[in-house]
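Each of the next two complexes has subunit A plus one more chain, namely subunit B in the first and subunit C in the second.
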Partner chain A sequence: MKRTLMDRLQMACFWVSGLFILLVLLSIIGYLIWRGGPFINSEFIMSSPSGFPLGTEGGIFPAIKGTLWLILLALIMSIIPGLLTAIYLSEYGRQGQLPVIINLLVQSMAGVPSIITGLFVYALGVVTLGWGISLLAGGLALAIMVFPVIVISSRDALLAVDDNYRLVANSLGVSRSYTLFRVILPRAAAGILAGWLLALGYAAGATAPIMVTAAAIIASSSGALLEPVMALPYHLYILFNEHISMNHAYATALVLLGLLLFINVLALSLQSLQERINSH
Partner chain B sequence: MPKKRVIAIDRSNKEWKEKIISSIIIATATVSSLLLLAMLLFILKESWPVWSQIGISSFLSGASWRPLGSPPQIGILSMIVSTLWVAGGALLIATPLGFACAIFLAEFAPPLLAAVLRPVVNILTGIPSVVYGFLGAAVLVKFFEVKFDLASGESLFAASLILAIMVIPFIVTNSEAALRSVPLEYRYAAMALGVSRQHLAMKILVPLARKGMLGALALAFGRSMGETMAVLMLAGNILRLPMSWFAKGEPLPALIALELGSTTPGSLHYQALFAAGLVLVLMVMTVNLGINILLYRLQKGGHTI
Partner chain C sequence: MNAIEFIDFNTFYGSKPVLQNINLGFDSNSITAIIGPSGCGKTTLLRSINRTAEMERGYKSQGEIQVFGESIMEVKSLSYLRRQVGMVYQTPVALPLSIRENVLFGPRYYGVKNRSELDTITEYCLRQVALWDEVKDRLKRPASQLSGGQKQRLAIARALAVEPRVLLLDEPCSSLDPASTALIEELLTRLAKDLCIIIVTHNLFQARRISNETAFILDGRLIEKAPTAILFSSPQSSETQGFVSGLFG
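Up next, the complex of A and B:
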């Protein structure tokens, strides 16, 4: 009797914790919509911050633009090294010590706190190379931050391609690069793309690295590489931390969350498309 | 026979092309992976005067941080303690919930609910830390202030609570993967013996997956040590040695984020922040590297228990 009571209690714990996760997400989204939703309109999205202190009126257009510039730059700088490293790990480096070491380095890089990446780029780009607080420095910091994400996701997508394709291509005497570009990469494309989207989302939400390298309280975010930019997550931090406007903070958080949900859902659906391709 | 020669030339040409492609790939992979070492060396170089002039032990054990005072004092003990306290506290809260949810997902959740929960967990990992920090500060801290009648509700505890919510999805994903990687034979054997599903989960699967589950915890610990925005907005940012979980403190990432912009490059203050960064990254890497070595051994040895 006691035994079954304990069992039931345990079972209840499992259910509660599972439903708790669901509740967390629903309450975050629900609360932000409740508090921030009423303030989102075309003026908020499309105009610059104004009022005194700055941000109490107007909108967040430069912050949206700045975030888009930052993540675009980060992706441009990180996809080629990221993809090539992934290709090495899955196609070329199947024996020896080097791939083990590279894997370990990439894993360790994934664990490096984002503020440390910011610190490094601050010393290298902002101070030593004289870029100053700039879009370029922020893009570089974010690129370094998402590099391991891109390597790991692309590597896993490539490794998931059935080895029979490699075997058959090899036995037909097709060259290695032809196999890679015409057989393996197209079959892993959806998964690789999903990884890029995840990296985009990760970069769009990152605050600490751009806080020390790129972000300004107010900027036009024109896309000039050596100028500071505004960014959504930093703008949210400033609105809250400087007690500028809670309403606008909630609305900014909602816009940021919406952008990230969109990117992540797209990535998840690409991932499941990849799984379907793999199982065929 | 001229024709044959053409073919031969063509082939050597192709081999040449293959060689170029593979060396580009190997070179890029090596160089970009070495970036990590470059980062560490660069941060070490920027912070070198701190190590050579002030010394490792007095930097780590000094409890007062007055880099602009005269004489300047730079000790990061209170920040190290805050970092460990916040991260350890987060783990304390997140572990039971995360493990229970992972077991639920792997074994007991009805398929439909599991199909909803998995993407939910994924999406939770995608919510940026500044949003968690903002909500924590706007809702949780306000709640503490009203409920316990405090002047300000920020504390290491508040930071731990929000960090816990942030790392639960990581614990769930990685622990569920560990539970699922237990070979099916164990499951079949248990079923053949007529063991209950709960016995199977708790007494067979969890012990078999414990290395992977520990790995998930270490990953979560490293993540909470290095997390910046949530602790910046919630821990209270007071440079004092925290004496309880409910005291305020300033973990290392918050220190760097707050002070870096106002330092003069080359000053002691600037160097001290890089030294603090080096300490932080080494703390995180020690935890992560330990786990990577553990997991590598696990892979190599197959499923040794």
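Up next, the complex of A and C:
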């Protein structure tokens, strides 16, 4: 009797906190739709900011483009080293000290505040290597920021693959890389992709690392590596901080949030696909 | 020459000894059953032969195992050793590929590319394990859809596809129904004409039915190995006597 009462109480607590989180999320979205929704139209999405001060009129097209360029570049620069590290950790480095050290390093990298990563890339890329404030520097800063996310998510996806496959394949005398490409990677692909998407979302929303490395108040965001770019979170920050246009700030926030939700929903559905694959 | 020869062989997990001072030979073209209580080291013994035991953390070995006269530590490659020594495990494992690709997993790695040759291997190996008729219409379907007994026969076919000279089986029937078990026993008896087969089993009736010789292991030591009929009817040691009459185990 007592036990079921406790169970019910616990369930009620879970439900209430779940509902609370949902409520917070819904009110953020609702508020943004209410304040920013009316200003989103094709012109806002497809044109450059204009007016005086800049941003009171026009749209956010270069900021959307810039953000897409930045996260694409960050992903390109981080997936190869990230995936290789993950493969090492899950397939080759099961024994000895090195994997322990690498895991520790990756974990610590995940703990570095993103503004510090930004400042590091500023010192190294922007100043020392002479890139200037640029897409390349911003992409690199974001790549360093998402690298641990990619390593950890890929590593866990690979480790979740049934060890019996490795045992059975090894027993046939085939090489580890053959097994990796024919069995392990395909089996973990959905989870690895989900990790990439989560990293994309993480990069798209990050403001600090690009503020000091890549972002400009106005730029065409053509995709040239050594040019500065506009970016959604930074544009939002400027509109808001300089009181340029609250309407446009909320509209920009709504677009950014929409992009992030889209990416995350995609990532989550891939994750649940992976879970179904694993339980099969 | 024996197919497999253990010479003063010892293994450890960390500092804990598992197999101790094993001296044991296995004939080719014959089935040897290994029996013994749970935890006595049967799986470790089999996995030492194809050196997959080394995948386990803390595993160490001492002494020697020879496969057709060659020490397993001195073979030219692991791949060469494991091609000669196939192994089937307790849990039936279907690789997440089609039925056909499960069989061809090894051959493709070893460079067979020719389409008709691949077809021949697939059919030959599936026929050997009496699975061909059941699956010939769905070779391209995922192997995960097979039943446990079918998966285990597929695992044997996959091992046979790289033409091993030795086949190790670790309790291959422990999760199977009597019908599948009977199929596999029949198939092993047939395969023993060309192979050295070593089977670990908890089923003493199975050992008696199919094996030519039986080895009894207790706490990591070889107690006795003899022709199966003799080991079961008039064992040398009282420990074997106790085990086979069902006193412990």
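The definition used in the following text is that the second predicted complex is superposed on the first by the 262 of 280 C-alpha atoms of A that agree within 3 Å, B and C clash if a C-alpha of one lies under 4 Å from a C-alpha of the other, contacts with A are read in each partner's own complex, and residues count from 1 in each chain.
To be clear about the criterion, a contact is a pair of C-beta atoms (placed from the backbone, for glycine too) under 8 Å apart; a residue touches a chain by one contact, two chains touch by 3 or more.
These figures come from a predicted structure and were not determined experimentally.
A.B. asks: Let's test your reading of the overlay: on subunit A, do subunit B and subunit C clash or fit side by side?
C.D. replies: Here subunit B and subunit C can both sit on subunit A without a clash.
A.B. asks: Go through the superposed model and pick first if A:V106 touches only subunit B, second if only subunit C, both, or neither.
C.D. replies: So A:V106 only meets subunit B here.
A.B. asks: On the superposed three-chain arrangement, identify whether subunit B or subunit C touches more subunit A residues.
C.D. replies: B
A.B. asks: For A:V174, select first, second, both or neither according to whether it touches subunit B, subunit C, the two together, or no partner.
C.D. replies: A:V174 contacts subunit C only, not subunit B.
A.B. asks: Once the shared chain is lined up, is A:L236 touching subunit B (first), subunit C (second), both, or neither of them?
C.D. replies: In the superposition, A:L236 contacts subunit B only.
A.B. asks: Quick check on the superposed pair: does A:N164 touch subunit B, subunit C, both, or neither? Answer first, second, both or neither.
C.D. replies: second
A.B. asks: Return, as a multiple of 10 degrees, the angle whose vertex is the Cα centre of subunit A and whose sides reach the Cα centres of subunit B and subunit C.
C.D. replies: 90
A.B. asks: For A:L89, decide between first (touching subunit B), second (touching subunit C), both and neither.
C.D. replies: After superposing on A, A:L89 lies in contact with subunit B but is clear of subunit C.
A.B. asks: Once both structures are overlaid on their shared chain, how near does any Cα of subunit B get to a Cα of subunit C? Whole angstrom is fine.
C.D. replies: 8
A.B. asks: For subunit A, which residues belong to both interfaces, subunit B and subunit C?
C.D. replies: Of subunit A, residues 175 contact subunit B in one complex and subunit C in the other.
A.B. asks: Under the definition above, what is the set of subunit A residues touching subunit B in their complex?
C.D. replies: By the definition above, subunit A touches subunit B via 7, 10-11, 13-18, 20-22, 24-25, 28, 31-32, 80-82, 84-85, 87-89, 92-93, 98, 100-102, 104-109, 111-120, 122-124, 127, 133, 144, 147, 175-177, 198, 201-202, 204-208, 211-212, 233-234, 236-237, 240-241, 246, 249-250, 253, 256-257, 260-261, 263-265, 268.
A.B. asks: So in the complex, which bits of subunit C are touching subunit A?
C.D. replies: Subunit C reaches subunit A through residues 50, 52, 55, 57, 78-83, 86-87, 89, 91, 93, 95-97, 105-106, 109, 144, 155, 158-159, 162.
A.B. asks: In the complex formed with subunit C, which residues of subunit A make contact?
C.D. replies: For subunit A paired with subunit C, touching residues are 94-95, 162, 164-175, 178, 182-183, 186-187, 280.
A.B. asks: In the complex, go through subunit B and note every residue touching subunit A.
C.D. replies: 14, 17-18, 21-22, 24-26, 28-37, 39, 42-43, 46, 96-98, 100-101, 103-105, 108-109, 113, 116-117, 119-124, 126-131, 133-135, 137-139, 165, 168-169, 172, 196, 198, 202, 219, 222-223, 225-229, 233, 253, 256-257, 260-261, 265, 273-274, 277, 280-281, 284-285, 288-289, 292, 296
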